[in-house]
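Shared between the two complexes below is chain A, which has chain B as its partner in the first and chain C in the second.
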Partner chain A sequence: MDNLLSWLIFIPFAGALLVGLLPDSKSLLMKIVALVATCIQLVLGLLLFVQFDGSVAPESWSEAFQFVELVPWIQLKVGTIGFLQIDYFLGVDGISMPLVVLSALLLVIGVISSWNLTQKVKGYFMLYLVLSGSLIGCFVALDFFLFYVFFEFMLLPMFFLIGIWGGPRRSYASIKFFLYTLFGSLLILVVMIGLYLSTGSFDEFGNQVNTFSLVQMMDGRFIDSTLLAPGSGFYLWGESLRYWAFVLLFIGFIIKLPAIPFHTWLPDAHVEAPTAISVLLAGVLLKVGGYGLFRICYAIFPDIAIELAQPVAILGMISIVYGGMVAMAQNDVKKLIAYSSVSHMGFVLLGLAALTSEGVAGALFQMVSHGFISGALFLVVGVIYDRTHDRQIEGLSGLAGKMPKYTFFVVLFFFASLGLPGLSGFVGELLVLIGAIGAESTNGLFSRWIGMVSVLGIIISAGYYLWTLQRMFFGKYWTKESAWDAKMLDLTPREWLMLLPLAVLTLLFGVFPSLLLDPIENTMQFFVESLLNQGQTYLNL
Partner chain B sequence: MLYMILALVLPLVGGLLAFASGNKKAPIVALAGMVPGFIVSVMLLNAAFNQRIIARWEWLPGYELGWQIDHISAILICLVYFISLLVHLFSATYLKGDLGIGRFYAKLGFFTTSMLGLLAADHLLLLFVFWELVGFSSFLLIGFWFKDQKKAKAAREAFMINRVADAGLLIGVILMVIQFDQPFISELGGVEHSFLLSLAGFGLLIGALGKSAQFPFFGWLPKAMAGPTPVSALIHAATMVAAGVYLLIRVQPVLTPVVLTTTAVIGALTAFMAAVAAITQFDIKKVLAFSTISQLGYMVMGIGVGAAEASFFHLWTHAFFKAGLFLGAGAVIHYLHQVNHEDHSFDAQDMRLMGGLKKHLPITFIAFLLCGLSLSGLPLFSGFLSKEGILTGTWLWAAERSTEYGWWVYAVSDLGFITALLTPVYVGRQVWMVFFGQARTKMTPVDQSEPLFNFKIPLILLSLGAIWVFHAVNPLDAHGWYFGKRLFGELETIQSSIPTYTLIFSIALAIAGLAISIISFGPKNKRTQEANLLNAPKSVVGKVSFNSWYMEQFYDGLSSGYLKIAGFIQVIDKRVIDRLVDGVGVVTVVSSKVLAIIDREIIDGLVNLVAWISSAVGGILTGLQSGKVQNQLVWLLIFLITIVIWFQF
Partner chain C sequence: MLADQLQDILGSLSALSFEIGLLAGALLLLILGMLVKSRIAFKIAYVVVLIAGLLLIRFEDNGLMLFNENLAIDDLGAILKALLVFAGIWIVFFPTSENHGSEFYFLILSVIVGSSFMLSANNLLVIYLVVELTSFASYTLTNFNFEKKSYEAGIKYLLFGGVSSALALYGASILYGYSGTLTLSEFNFGLLENDYFLNVGMLLFVGGLLFKVSIVPFHIWVPSTYEATPTEAVTILSIVPKIAGLVLLNRVLDSLDMMGQSWLLLSITILGIATIGIGTLGALRQTNVKRMIAYGAIAHSGFLLAAVLIPYQNGLQAFVWYSVVYSIMNIVVFYLISIFESKGITEVHQFAGLSSKEAYLGGVVVVVMIALIGLPPTAGFTIKFYLFTMMWEWYQAVGDPWMLTYLLVAVVSVVFSLFFYLKVPYFLFLKDGQNQNYSRSSISQRAIATIFTLLVLWLFFSPEILNNIANNINFLDW
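For the complex of A and B:
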């Protein structure tokens, strides 16, 4: 199918338009439109997964992408600087492909989860579909400008989705989310402009043609002695400008990831967001941060990535331990899961910092598997919230006897999240830890003690999940308010429909991780090799 | 290959089908999976004795995880099957009428498959995978009666303690992966000792100590007794807890001397500590749990001193008599439940409420006695043979190492011998308390106290396993046990104890221990007997023993300390980091308010001022533009004159 990626982006946009044209009374029809649009997206996503050629072993980033679409979008002659060149440039490689498929899947599940919505249905699904398109756009855009447009475009629907359909403190949470992310994207914007000015080539008339193309940036097509070209000799406070650019990008993206100390928007946003939005937030939006680190921060600034490997790894380690310990102290299940996300995303940082093939593949695997698992965990909490409008651990006890099927899923996803082998959470963490502990002997980027301390994470996560299980699900059946009692029924078919696919995938990727790892192996290999080579070259300049 | 796959999956398939087919048919269906599985495992044993079975499979890119069935794993697979089969049988009666029996069989099948997978794993990573699954299924089974908050808590605590040790194992395995690229158990060895290797060894050791309930992790095993008793027989006596010992036997070629010495010391210490703790317990299962820990301590010690084959032999014999003891305890508990089933507060595991059961449960009594004597290490029983091998090995090791390490290495073997003295004491006490004397609660006879097939068959088979002839010809010498040559070939290193005096020494210790037991707890002196048996000890030593070395308090302290730290960090997160963010927000808002005021009052004021001035000036100037030509001419004249005068100066 031609232009697969464009279809993936624009079908939900078309859906949003369609929903907008429907009269307000047809709320069921709106839901169906949203469902159909996201289902088509899922089918296309699966097609992408199947058609993706994992055997391509690229030599440079320009060969690494498949399903490429390149259309010139904006071309302006800008005074003495040269040409302003912005392209509509799409493509996927082994880094973005799994994330696109993951998003497509969770988007469908999010629609199913919002099925019972009654308030302002039209606005909700319009925003939801706009969000769907932008999310995919973010993962497939290969032009920095285009990426930035999608990146910002995601923000607005999210803001409204939390701010209008959220819980009691929704306005605080949504504004916090918005400002925080906006702050991050400003940092990214600064670097984007810097990179634009430094990347490009000369046309046959000797005119300088600057470009936003991420591929060229990754391949290191810098113009000599521009601001962000390696070895150009621009310094600020004793460090090169490239160093500061890396730091700005890094902060911009770890706000999204999130990592300590930029994580505090996440618990608030999660607690207030409606279930489906929490699922997307944890399952996909956080991955945009991780993806940005892979694609932009690391791939364009490999020299600084090598230089700063140790601090980044330590930050990952702290996130793992700190996030887990704060999760332990939570009473609200949703907050607990939000903090566990912080902890699990710490593994992404740690694996990426290691720059070994295990670590990097593990970081990516962790992102995908965390997408399934945390998505499922928020759905699981949603099940309780739908029935009681409460999420306090202390409010319930002994649910296992009353809702055995529900408890089965809870146990499955809790253990998947705490890294039980055979479920997907384990694979990511294992690979990251192998990468992190092995980094010292593979490329010597940082000490193995960082990885060994991070193993504490698997104890800590077991601690909070088992404690929650014991308090909420085991023991004698009891509810804080007697009115809840009548509502404590086991899973409805709709809930089965949401949870079962995620359970199956968690198990499938846990037992056969190569389903995901094989297609992306070449990209990962190339990512690591080119980063280390390029980074060394840049550092020697 | 086919045998292997069949043997591995049959228990799980049987368990799942049992769950699907409802509570009534569950036991039959599960057994229908286990019986052919057992037959397959015997065929597998036969095949493995001819040729080692190896299968490899790429799990992760670059990671070929492998399966291997050699003599050692094949024979243990048979053992797991044998005991699991008997436990399946026993549970059918034990859990009759329980609404969760289908779930029980699913969990039991899952456990059995995980355990078999652990034994068949060749790659250390694969071993870790099953290691965790075994821990997980054990968690599910301990918490089988989850409606009881206490049992749920016990399950969690047992899992957590294991998890801590598993983190150590994970580090060990990863360090092995880093050093060996692909650490296949079948290819380990032949490396130079290095710091990294010792580090890896300590990681593996910590994992093994956790699963085999050694110091400082042994507190989880008594907690695990919250599970149904047949489960304790399978998991917490015969199979899962042996996994740590099994791992150590497997990785022994890469353990550095410092790791091995630590292993020996911890093993000896645990053997002793647990034996002391067992002496004062009142819960019938807890005594057995501590005796298991103590015996596992022997095995661990044996590996540390280089007598791994003797440890393996002890693992083998121990599985029979300990499973027998647990199922015996299960029969007792089942009986007491039946006769007291109106009274729900009745604790059917409290030995203070038992007594005189030998006439109600004759078969159970005999089986329990035989297994108990084997545990005590009396000659003619299997436990004597294997324990003797370990003790001899330890003695020789101490004699050899004392020149290098100093006299203290004898403490290791001495602890082993002291434990040999203590073991018969607690076994004797338990047998007296449960089966002899007067019944201490009312025992209304019930028909079928020992259901013929389901209870008696397992008990009889297991107690036969406690007798020496089923393991070796010579009742006094472990050297030359049936499987020794086959398993370890010419390399068999169990020391023959015939010429050394450890043989006489241990026989003397076992008899002395039994004598102490009879004197302190026996029927001769009624008053001291009652006091010794029924009251919680008051002496310091007694309290240490009764509270099992205060390990519980130690863990509680650790976990409450951890919770405090977590709470503190949570406060920091809320009060500091989040406040900072909010602070930035507040500062921004306040400063924008200030700016707004400035904007309104000053900048806007300035603008207004300008406007006012200009309008005022404009007002004046408007007068100038009256539109009258004469006036303008006058003004023009004045203007010109002014300029002329200006330029004059």
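For the complex of A and C:
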């Protein structure tokens, strides 16, 4: 199928338009439109997974992408600088492909999970579909400008989705979310301007043509003696401008990821967001941050990535351990999962910092598997919340006897999240730790103890998950308010429909990790090699 | 000799057909006001005058000196005159503009004429005269709501304006004393650059202009004036004199030869940074929508000033981009304010829960506010992006750390501006409130708002048209 990626982006936009045109009373029809649009997205996503050719071993980034679409969009003559070229440039490689498929899946599940919505249905599904399109757009855009547009375009729907359909403190949480992420994205904007003014080529008339193409930036087609060209000799406060550009990008993306100390918006947003939005937030939106680190921060600034490997790894380690410890102190299950997300995203930082093929592949695997697992965990909490409108751990006890099927899923996902072998969470974390501990002997970027301390994170996560299980699900059956008793029924068919696919995938990727690791292997290999080579070259300039 | 001068005057008059046309139209409008009492007739006459003026605008690729170099016309001026007229036309659609007599439109036309002269003034005294022409009309417009508040604002505006124009006049006299000429393009202070008294003169004269374009610390009149003035007049005040004043400022700075490294240029740069900062921070605490937008407009002045400070073609191109989109955004935001004002809604909290009755217009408000913040996919993002590009380029060219600071402050201010611009959508959609008596906006109102909103979106997706305009202007170095 031609233009597969464009279809993936624009089908939800078309769906949003369609929902907007329906009269207010037809709420069921709106839900069906949303479901159909996201289902088509899922089918296309699976098609992408199947058709993706993992055997391509690229020599440069310009060869690494498949399903490429390139249409010139804007060409401007900018003052005396030259020309500015913005393209509608899409493509996927081993980094973005799994994330696209993951998003497509979670988007469908999100629609199913919001099926019982009764309030302002039209606005909800319009925003939801706009969000879906922009999310996919973010992962497949290969033009920095296009990426940035999609990146910002996610904020507004998310702001309203949390702010209108959220919990009691929704307005606080939504503003906080918006401010944090907008701050991050403006840091990215500054670097984007610098990068495009530093990247490009000359056309046949000798005019300078500046481009936003991420591929050219990753391949290092910098214009000599511009501010962000390697070895250009521009310094600010004792460090090169490339160093500061990396730092700005890094902060911009770890706000989204999120990592300590920029994580505080996440618990608030998660607690207040409706279940489906929590699923998307944890499952997909956080991955945009990780993806940005891979694609932009690391691939374009490999020299600084090498220079700063140790601090980044330490930051990852702190996120892992601190996030886990804070999670243990939580009484609200959603908050607990939010902090555990911080902890698990720390593994992404750690694996990426290691720049070994295990570490990097592990980081990507961790992102995908965390997408399934955290999405599922929020759904699981949603099940309780739907019944009781309360999420306190103390409020319930001994649910295992009353809701055995539900408890089965809870146990499965808790164990997956704490890294039980055989489930997908284990693979990612194991690979990351192998990579991190091995970094000292392979490329010597940072010392062993960082990885070793990070192992603690797994133990801590076992601590809080098992403790939660014990308090809520085992022991004598008890509910805080007697009115809840009647509502404590086991899973409905709709809930089965949401949880089962995620459970199967968690198991599948846990037992056969090669399903995911094989197609991305070549890209990961190339990512690591080119980063280390390029980085050394740039550093020697 | 005399014959030559007469020839010059006669030849020059024909080049001023736009200004003369508008002036004649303004006078006719006053006479019409004595004969007819129909409000609609005034509006129609006003629009006819503006459109006639639009047709009279003259483009001169290579520029033309008029009246013994007292005035000069060029492409940039012509384009911006068209923009001023365009901004002027839309105010007749404002729902709050129902009760104005012919004198109101006369004054608006005076502001537009004064501002178009500002675009061509090349002589210190002419500058003084046309700035006063614009200002006097503006002072009077401020009082047209005939309330206690508007008198207060009018007096405030008048006092500030009077003092700053007196100081500017003093500054002009110093400049004249040093140079021996009133003509800007003949200034040559190259050797005297560090003379203390000359610098004072420059500062005073430039200060008078900074007052017109609401740069900190000359911005104090802005919020209360915007709040008390009829919304359609605010639209004009926030666009027309500001754009003209900044072009004039650019020319004055150019001719004072301060584009080199002088402390005066540095202090204006710092004032620009302060303008963005104070405009943004001041808006945070506002509860009245017009005051809030007024502070936002102050911040926008800081952005426009950055474009003025970047020398040569690059800065002016960014300026053209910014001013076109800024005008469109301001027209639509004040149009929306006017719609809500006509239903008695002026405070932010009054918007609470309106989305249940006004969901569509609420959506339009969101897009417009997003544009004012400067987020994609709106042209508000494009212009900020373009401006930041030019600032980065200038920083790369000369390595001036203040330009980098300017850029960073401008970027950070966007985060803060999110906070206040989003207040209205926030109350509209996120808060619950009682609006029993609220009557929905009419279809025509929604249609006009939609047209402008689509324009803001369209200019994001295909900015080529703006780029063509900006690139076809032959920027002249006077």
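The definition used in the following text is that the second predicted complex is superposed on the first by the 541 of 541 C-alpha atoms of A that agree within 3 Å, B and C clash if a C-alpha of one lies under 4 Å from a C-alpha of the other, contacts with A are read in each partner's own complex, and residues count from 1 in each chain.
By our rule, contacts are C-beta pairs under 8 Å (C-beta built on N, C-alpha and C of every residue); 3 or more make two chains touch, one makes a residue touch a chain.
It should be emphasised that the depicted structure is a prediction, and the values quoted were computed from it without experimental measurement.
Touch criterion met: A:L179 reaches chain B and chain C at once. Touch criterion met: A:L227 reaches chain C, while chain B stays clear of it. Shared-chain residue A:E521: touches chain B; no touch with chain C. Of the two partner chains placed by superposition, A:P12 touches none, neither chain B nor chain C.
More residues of chain A are touched by B (comparison of chain B with chain C). Contact with chain C, but none with chain B, is seen for A:F160 once the two complexes are overlaid on the shared chain. In the overlay built on the shared chain, the residue A:V149 is in contact with chain C alone; chain B does not reach it. Of the residues of chain A, those at positions 179 touch chain B in one of the two structures and chain C in the other. Residue ranges on chain C touching chain A, taken from their complex, read 312-314, 317-318, 359, 366, 370, 375-377, 381, 385-386, 388-390, 392-393, 395-396, 404, 407-408, 411-412, 414-415, 418-419, 422, 426, 429-431, 462-464, 467, 471.
Residues of chain A that touch chain C in their complex: 74-81, 84, 123, 148-149, 152-153, 155-156, 160, 163-164, 170-171, 174-175, 178-179, 182-183, 186-187, 189-190, 193-194, 197, 226-227, 236. Against chain A, in their complex, chain B makes its touches with residues 58-62, 125, 128-130, 132-133, 136, 143, 146-149, 152-153, 155-156, 159-160, 163-164, 166-167, 170-171, 174-175, 177-178, 562-563, 565-567, 569-570, 573, 577-578, 580-581, 585.
Every residue of chain A that touches chain B in the complex is listed here, in rising order: 176, 179-180, 260-261, 263-265, 322, 325-326, 328-330, 357-358, 361, 398, 400-401, 415, 420-422, 426-427, 430-431, 433-434, 437-438, 441, 451-452, 455-456, 458-459, 462-463, 466-467, 469-470, 473-477, 513-514, 517-518, 521.
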